[in-house]
């Protein structure tokens, strides 16, 4: 009945094969990877990962007091990505994040005091208490803001990339987004435009296989996000997002390429969210996700993996690590203290900042 | 009549339980909504539910909870996060014979699919000279509080009220939410079905059988002779709460719940203003070009000579939603604002 | 003063030419718009134009014609047809230091990018506590006639007027379109810049140098004492045409052109109504929840006691735009409808 | 500097190569193609192509009288596609079209009298005079309406496909759209969803290399639309859209697959618009497109090519063709006559059909 069945079949098979291959073997760190990264950098990576973890855990600790009145989207389990991407960025490079932005902000160097103050709705917050946890900003640090509309930040990141090009600077722009955001048309429009104009943009997809509680399989015909890049004539790469060296390498390539004028890339980092979509609880109990899947990922803990890596390679000692943890814990206490003790905005400030006054 | 009754608080809730013994059936807003959906799905093969997370254990704040177990995931369909495209899909399915109910957890996501709603769903019947129609219900939920902030708290009903070809309903009671959902599914036109999250726990009398509440008909929740308070959605409850404090001041309030804001039951409002000579409009959205503007304008045009005092709008200020609890307190309002606004009106004259 | 002058028709055009001899400079609306754009691009590196077809030989009905030859295609940038994404790009570029002007050939395409406009551009400054801002001008053109029908004729200004954080300007004269474009580019906030296609040929005095017209300030186009007619965009011309026929009936009309509808110059309108006691609002959009509703509501709230008669709204009916010329004739209106509405108002009292 | 440069380079090259290959050789008709199509079918194809051509030429003829008050988007030069796609469709199959929908409607079997009446704004028009040239409909014939919002009709077509699946019928749904529509996010969202649910949808892209006057190169990083399919795990094929047999074969495959439950396909038909974007004039004079490009395409006239094919293969004689043309010309005269002489709607009808009354 169908004449060119063969041709089509090949086409189908090809695309399916492409999916399988890439999906089954996300790129891991190269053998020489760890050796080619300076010890100081590796230490820095571990420090950031740990800082993010402890920040999120601190929120879990204080949240029950019910005085942090903002929805929190924790990134525990995904910390390696933010750390390994942002380490390649300069202060004047841009990142744009989502509802799940704590890790990115910390990795980019935001002041955790002002972040916590924001969560507590204080005047000293990074967004003066107006934005809350989903709208962090730190303009001096390349964070012009975050948006909680899924897919909404991707084109904005592309716009910042366009500005770099037009201004003749060599800053790059990173769009962090989830697998859910790839469902949105803005992903397509952004990829197309960035590729067309060869913009210095990194499309950094944190594929944690869920959008809220919708598994990727309920939203996409296959789970390979990196392969979407080819259609846009853009390089795409898939890495194990819990492997800090793998992410470091992939991000370095993408950032270097963008900075050198080589255009955008799509980097898919496969990872997993440990906690519920929003709030400090784990939602496995509610039947949102299979328990064994969750447990499997707990074993891939990016903190533990990085720790082991550094110990094995003698980059850091147990003792140094303990000291680091102590310091970080102190930072957290200070941040919460700062947030909790800062003044609230005055009610009259409600009307400020609707318009920029120049 | 029990189905016009608004139960304002806990104690009323208990009274309702009492009523149950008297043969009335107490159901929450959430349960009534789910019951309407389930019953219509049972009755009519063409009806199905689509939306991000409709088959989630949480089930859209409980309003679709478990429906996928009963009807299967094909008829209670989780979706990609692609509001504009999926609205197009719903429109196409509707025109081709289905009766989709598209659910959005937050109204803030509707700007994503404005094009399909405004340029397609709303106009398709007209553009084809009435030869096709789009029997589509779009549910969306208005949130509030806990630092949900600017992108997760919006009440955008006015945007849809402006568009010819759409119907916009905002039920406030369990009885109405069931009846209006049935009407919306049967209507044959695109209906924006807007629910305030804070209504979900409200309880009221809800008959078990399928029944309808007419789209385009408002209702007097409480009769009064001194001032007409038109309140939409959850503001109906705040208006009811304002009744007694105002009575204590000697002001007899008439409370109107339009239930549908497009088409708007202008006659009901005008008749009331003819009687009271005073109008306060209470909306949960922004003021400028909002629902309250339209109602004020209608009265300024059509019942001007009965007005004894300036019209008053009690709404959110024209400001994006802030995060800080202090600013939220300044942003949102409750019955007390209604009380003071009404009192002010009487002082002024 | 020449820059407040509205030239209604051909003969006025000739008078304008005469004026030119007197040292005044006659330019069309289209030329003034292009001049403002070009001058700002020359003055400020950050300014650039983006939009589908901006480098087309037609140049957006002439308003960007040839600019790409002068400034290059990087600064007069043709775009993919991807309104939402490209608005996001514009927002990102604006925040990162550029000053984009995004042009849409038809306002009907804006629902495509509602999300980026409403959820992002409008709120970003607020969400970041004023630490960032979005200096973005979004131009869009309202069409009309020749069977453009439901998806190619819409005047959706009310949708944007409803949203806090946006500014919305609707210039009517060549002088204003230049001055308001300069102000919009310099404003630092997202400005919806709305032009009616039928204004493009209008001529008026336009100084050569860069100047500003303040956003948020309306203007009295003609003073009068009997009735206030507030008219927006091209309706200003229709209102001016209504002046004489009404004068012949002994009615002295005051014509107000708000120029900006958000923020709205409420004071100007209220002051006028205090004087005339009567208000007619003429808009080119739909009635329900439209610009006219807001203006009516403001007056019903704040100038009620000065009103001698019901407010009147002269607008499009709440119907999608039809194709047939016969139906278009029934749909659109001109100065005659204004005349009859005003006369009716005086008859009624 | 960049470690895995090689890997990335290969990725880039691969995707670029893919583009080149496919772009340079759009699939043409198979050798045996013409022989495997019944003569009657071939005649039908020619008849439809010619009918569309003459319909559009008739509009050019009557338009200067200025009583056809609706914008017209002519498809001259692209007629083979509509004919060769719709010939595979049943009356109850759906098509959804765009601003450029005359050809699709005719090929699907719409009454040209009612189409012309619509253009003239008459009560007898297929949309009762309310829609005009951009909003044709013919519900009894599977045309539920057309939309002039670029990309707007694609998801709607997918929705009709979903309805087929839910109703358990074997009808298919064709989304006609242009290369411009592929820029829109709705394309992405529609492709993703149709592939996810394996819907009976044919994504039929008429790539005429322009959107209004924007060349594809100003909007997309490469000109290969078919290759976008792979990212969605969907078969994609590119054909010479002016080769009626090639389109016939590709469309047959896609329609058969969809009808048999094999899911959606993307079919890119490469073609060219002879006239201006809108209106009866040719816009080459205005400098909108290179003259030599235009002339090159004139030589690929689908009417001429099909005519030659049929003559060479002795499917039709010159004489039969002449007779056919005469008949068609008569149809056109009748259609215009019907349109021009039909009554206008009453002004009061303005208010009808805003809502469906059941």
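Order of writing sets the labels: A, B, C and D. Residues in every chain begin at 1.
Quick note on the criterion: a residue touches a chain if its C-beta (ideal position, glycine included) is under 8 Å from a C-beta of that chain, and two chains touch if they have at least 3 such contacts.
This one's a predicted model, so the numbers in the text were calculated from it and none came from an experiment.
A.B. asks: Please indicate which chain is farthest from chain B, where distance is taken between mean Cα coordinates of the chains.
C.D. replies: D
A.B. asks: Would you mind telling me which chain pair, A-B or B-D, is linked by more contacting C-beta pairs?
C.D. replies: Counting C-beta pairs in contact, B-D comes out ahead.
A.B. asks: Report, in whole Å, the distance between the mean C-alpha point of chain C and the mean C-alpha point of chain D.
C.D. replies: Once rounded, the distance between the two centres reads 37 Å.
A.B. asks: Distance from the CA centroid of chain B to that of chain D, rounded to the nearest Å?
C.D. replies: Going by mean C-alpha positions, chain B sits 42 Å from chain D.
A.B. asks: Find the geometric centre of each of chain B and chain C from their Cα atoms only, then give the gap between the two centres in Å, rounded to an integer.
C.D. replies: Result: the chain centres lie 33 Å from each other.
A.B. asks: If a residue has to touch 2 or more other chains to count, which residues of chain D qualify?
C.D. replies: In chain D, 125, 127, 129-131, 135, 147, 149, 183-186, 188-189, 192, 196, 219-220, 354 touch at least two other chains.
A.B. asks: Would you give the residues of chain B that are in contact with at least 2 other chains, written as numbers and ranges?
C.D. replies: Touching at least two other chains: 79-80, 82, 84-85, 108, 112, 115, 119, 126-127, 149-151, 164-165, 318-320, 322.
A.B. asks: Mind pulling up the chain A residues that touch chain C in the complex?
C.D. replies: Interface residues on chain A, with respect to chain C: 94, 96, 125-131, 135, 137, 139, 144-145, 147, 149, 152-164, 166-167, 173, 185-186, 188-190, 192-193, 196, 352-358.
A.B. asks: Going by the contact rule at the top, pick out the chain D residues touching chain C in the complex.
C.D. replies: Chain D residues touching chain C: 69-71, 118, 121-122, 125, 127, 129-135, 147-151, 180-181, 183-185, 211-214, 218-220, 286-288, 344-351, 354.
A.B. asks: Quick check: in the complex, which residue numbers of chain B touch chain D?
C.D. replies: Interface residues on chain B, with respect to chain D: 48, 74-75, 79-80, 82, 84-98, 115-116, 119-120, 124-135, 164-165, 167, 188-189.
A.B. asks: Residue numbers of chain B touching chain A in their complex, please.
C.D. replies: Its residues touching chain A are 52-53, 56-58, 78-82, 84-85, 108-109, 112, 146-152, 317-320, 322-327, 329-331.
A.B. asks: Provide the residue numbers of chain A that touch chain D in the complex, in ascending order.
C.D. replies: 1-5, 7-8, 11-12, 14-16, 18-19, 27, 30, 32-33, 36, 183-189, 192, 195-196, 219-222, 227-237, 249-250, 252-253, 256-257, 265
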